[in-house]
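Each structure below appears as structure tokens.
Two complexes follow with subunit A in common, the first pairing it with subunit B and the second with subunit C.
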Partner chain A sequence: MKKTMKKTLGPVIGAALALALPFILRNGFDWNYGVQLACFFLLYAIAVSGLDILFGYAGQISLGHAAFFAIGAYGSVMLHQYANIPVFFSMIIAAAFATVVGAALAYPASKLVFHFLSLATIAFGEVVYQFVSQSPGSITGNFTGMFTQTVSLFGYKLNSFTKYYYFALAAAVILLVIKRNMIKSRVGRALIAIRENSHAAEGMGVNVRKYKIIAFAVSAFYTAYAGALYAHLVRYISPDTFAYKQSVMFMTMLLFGGTASIAGPMSGVLAVQALNECLRSAETYQMLIYGILLLTVIVVMPGGISGVVRDVAARIRYRKSGAAAAGDKKEEVDDHADN
Partner chain B sequence: MLLQILISGLVIGSIYGLIALGYSLIYRSSGLMSFMQGDLLTVGAFLGYTFYGVMHIPFFISLILVIVIVFMIGFGVEKGVISILVKKGVLPIYTILATIAISYILQNGSMLIFGSDMKGYPQIFKIPYITIFGRSFQTEAILCIGASLLLMLVFSFFMNHTSIGTSMRASAMDPMAARACGIDVGLATGLSWAISAGIAAFAGMLIGPVYGVYTTLGAVIGRKGFSSAVIGGFGNMTGAIVGGLLLGVIETLLSAYISSAYKDMIAYALLLVFLFVKPTGLFNERAIAD
Partner chain C sequence: MLTTEHLTLKFGGLTANNDISLTINDGKITGLIGPNGAGKTTFFNAISGVYPPTSGTVTFDGVRIERKRPHEINELGITRTYQVINLFRKMSVVENVMVGMHDRLTQNFFQSIFKVGSERREEKEARERAYEWLKFVGLEKRASDLAGSLSYGEQRQLEIVRGLASNPKLILLDEPAAGMNSTEKEELNTLMGRILEKGVTIMLIEHDMKLVMNVTDYIYVLNYGKLLAQGTPAEVQNNPDVIAAYLGGD
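Our next item is the complex of A and B:
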């Protein structure tokens, strides 16, 4: 009884906090910029969760996810501008298009091993970047970029950060629930099998190529939808946002937080965002500090934030259970815990 | 006109080739990839500018100084970061990201130290131009092509016919067996990273006088170097240089005769095509198909 209450209490508090956040930030702290940051948090969380499906679960690296981010953003903006499709639908169409592109990329890429997959994705990212920055007939606005409008839901314009926050929150919740269910399904188990040992997975009857394509496609949808959210939140896009650096940023957020979980990508986004805000005043040193931190994280805590949390939690649990089971042999338990 | 285009294509191509040579060397001796070659090139170019352009140390002495310093950086990175990660048995992505992190540090660090404006090298040779078929070319440009071809031959020989080269290849193929044969695997891999870094610095000293030195000089060259390495066959020394020269010429021809808008795209498009269609490259190197 107590346990079930404990189990439901956490999510309820989380949901209440997520719903009340814009009001707390805007009315409590008079910090409208904070609401905008919260919107950014949600869309990056979607993008990085998408990358997590591909890298964390299926074990396929991508250093070109900025390309899907760009396809989502530019696709939605261009569909709205040239074909007059309402923004809400243009976002979904653009993300669907990115899904097709992701599958088309994965089909030949699925036979490449680790290092060379990263080269292929970098090349793909660069091709898309070059295309949007020097498009034929300047349809993407090239280096000048493109201005666009916010989302309008059947005539109701999301003209404040608070309104946009709820829109992004709904998308994030839906996509994260889908992710969780997918991971627990047959598809998720197949992806994990491929990550652990693709030859063994093949032997067990998993169609490796098919599931790699699925992972790429789903991942592309998430990141592209996040890109579309970005475009209509900022209402201006230019190629600079979608360069190689952005792909590295996504990967950093994922590794910083920890892979193959729901909370990992979110904590990574939060940490990197907080870092970026702190470094805003020290712009010239930004890359340097960023590089040093990234290096430290890789060498010292390769499991990311959620890995550290897991380790600490496991250690505490171990101590507790050890102390309960063999009260007077505590010292011995301590020795084990240290190992 | 055509000759001029070809020469300038060969100049940038030989730089791509030298960077690709470094990638191939690292891959052949440790099975890893380094994403910091481009920024080591920048560091080399800046150091060369400092020694030769500012402190007026004779060119060949500054060249040797620069190569030694960057050689040390390469060795230090392998010993201080990469080998630690490999020993921990982490996923290969972490070594890749570690080199990306170091490349950020190098790029931003050189901007902080040397400033973000473009630096011009003073001229290296007394004779500024060489005349070929009635057209004159910058002497440094000719040096660039000659030096890269020479290095290709040297390293091809070094990897395949010397005992150090053989021990490097052995330690990549099977570290444990190599150790059992008495090969110092740690030294071999460290040396390969150091030599690659030295080559990148050398390339930086070569390209500096032709293009000028600025902080993002190496970043793009570094990424295009991957394209040359894959075109030639990843891990193949001759392939690296041939792929680089080919890429440089194609790129320059394309921007001269068709449009300069797609100059950068072609390198990455070629990289994708080769990875998907012919991953073993022009020289049929089996490295990718492991």
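Our next item is the complex of A and C:
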């Protein structure tokens, strides 16, 4: 009885906090900018969770995810501007298009191993970046960028950060639940099996190529939808946001927070965002700081923030139980965190 | 059950398998032996689709499979274990077995990501069946441990049930006794009998001659990529060519 209470209490508090957050920030702290930051948190959490599906679970690296972010953002903005499609639908269509692009990229790329794959994805990111910054007929606005509107849900305009927050929150919850479902299914097992040993996965009946394509496609959907959320939140996009350093930032957030988990990407986004805010005056050194951060994480805490939390939690449990016999096994499970 | 005809596999100038024609009979344990580098593992790789043969045919249950990919061959009912243990180390023991069931589970991508009723039911059943398979080799107590934390012998056992979980007709065992102590070898001996009872045919690569002579019904001997001899264990043991190949005489 007590245990079930404990189990449900956490999520309930989390949900209440997530729902009340805009009011706390705006009315409690008189900090409207904080609500905007919360919107950014949600969309980055979606983008990085998408990267986690590909990198954390399926073990396939991408250093070109800014490209999917761009396809989602530009796709949605252009669909709205040129085809007059209502903003919410334009976001979905743009993300669906990015999914197709992701699958098309994965088809040839599925033969590539780690370092070659990272080169191929860097090249892909560069291709998309070049396209949006020097598009034929300047349809993307090139370096001038493009202005756009906020989301309008069947005529209801999301004209405040608070409204936008709930819109992004709904997307984040849905996409994170889907991610969790996927991981706990035969699809997720196939992805992890590919990461662990693609040779054996194929031998055990997993169509490795097909599942690599699935991982790329799903990952692209997440990141592109986040890109669309970004575009209509900021209501202005320009190529600068979608350069290589954005891909590096996604990777930094993921590695900092910890791969192959739900909480990892979220804690990584939160940490990097906090750092960004603190170092706002040192923007020129942003990439340098990310670089140092990445190095530190890889060397000092390879499991990221969530890995450290898992280790500490396991240690506390271990102390509580005190059973030496069960201890050996737990230690081994802990190793899991040190990805 | 499985027949190869003139199967040849070349890597550049090296002929790893040269004109091998053999037959694996239903319900039997067929042994494949030979000195190191004779091409035994390569032969397994050739019939399981890892390296498509350069020439020759492989027929399994009336179906030509020499151009199929490993996951397709697995689906047709051939599974295998590996000489070097190839488990999914950071997955739990029971999940390793469930990966083995991959082809037998029917839920598609969308049923999986929305966790529809049929998916939940199938997952629950799959987990229960995976536990049954773990009981088959006595690993059920380790079900939620990581595969990488098992002992060497246990890992070999897990590889075998991971393969069996796909309900194959044929399992290719690549040196299953390597690194096992004598008790574990004894268990493996009886395990193979129990696998046979489940209606699964076995082909076995093994260096432990005592084990091979004990369990197999028929033996093929490879040397330098070629079939050197074949016959019942007794026949092979007394074949002068085989003795020469193993002892290095001329």
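The rule is short, and it goes like this: the second predicted complex is superposed on the first by the 315 of 339 C-alpha atoms of A that agree within 3 Å, B and C clash if a C-alpha of one lies under 4 Å from a C-alpha of the other, contacts with A are read in each partner's own complex, and residues count from 1 in each chain.
Here is the rule we go by: contacts are C-beta pairs under 8 Å (C-beta built on N, C-alpha and C of every residue); 3 or more make two chains touch, one makes a residue touch a chain.
Being a predicted model, the structure only gives us computed values, none of them experimental.
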So, after the overlay on subunit A, do subunit B and subunit C clash or fit? They fit
Report task. Report for A:V299: first if it touches subunit B alone, second if subunit C alone, otherwise both or neither. Result -> first
- request: Determine, under the contact definition given at the top, whether A:G205 touches first (subunit B), second (subunit C), both, or neither.
  value: second
Report for A:M251: first if it touches subunit B alone, second if subunit C alone, otherwise both or neither.
first
Does subunit B (first) or subunit C (second) touch A:S261, or do both, or does neither?
neither
For the superposed three-chain arrangement, angle subunit B-subunit A-subunit C (C-alpha centres, nearest 10 degrees) equals 80
TODO: Return first, second, both or neither, reflecting whether A:Q60 touches subunit B, subunit C, both chains, or no partner chain.
DONE: neither
Across subunit A, the partner (subunit B or subunit C) reaching more residues is B
**OP:** Answer with first, second, both or neither: which of subunit B and subunit C does A:Q130 touch in the superposed model?
**Re:** first
Distance floor for C-alpha atoms, subunit B against subunit C, superposed on A, in Å, equals 13
Note: in the complex, subunit C contacts subunit A through residues 48, 50, 69-71, 74-75, 79-80, 82, 86-91, 95, 98-103, 105, 107, 109, 112-115, 119, 123, 126, 145-146, 148-149, 162-163, 166
So, in the complex, the side of subunit A touching subunit B is made of residues 55, 61, 63, 108-109, 112-116, 118-120, 122-124, 126-127, 130-131, 134, 244, 248, 251-252, 255, 284-288, 290-292, 294-295, 298-299, 302
Given the complex, residues on subunit B that touch subunit A span 27, 32-33, 81, 84-85, 88, 90, 92-94, 96-98, 100-105, 107-109, 111-112, 223, 226-227, 230, 234, 261-262, 264-265, 268-269, 271-272, 275-276, 279, 288, 290
So, in the complex, the side of subunit A touching subunit C is made of residues 178, 181-182, 184-190, 192-193, 196-197, 199-208, 214, 329, 332-333, 335-336, 339
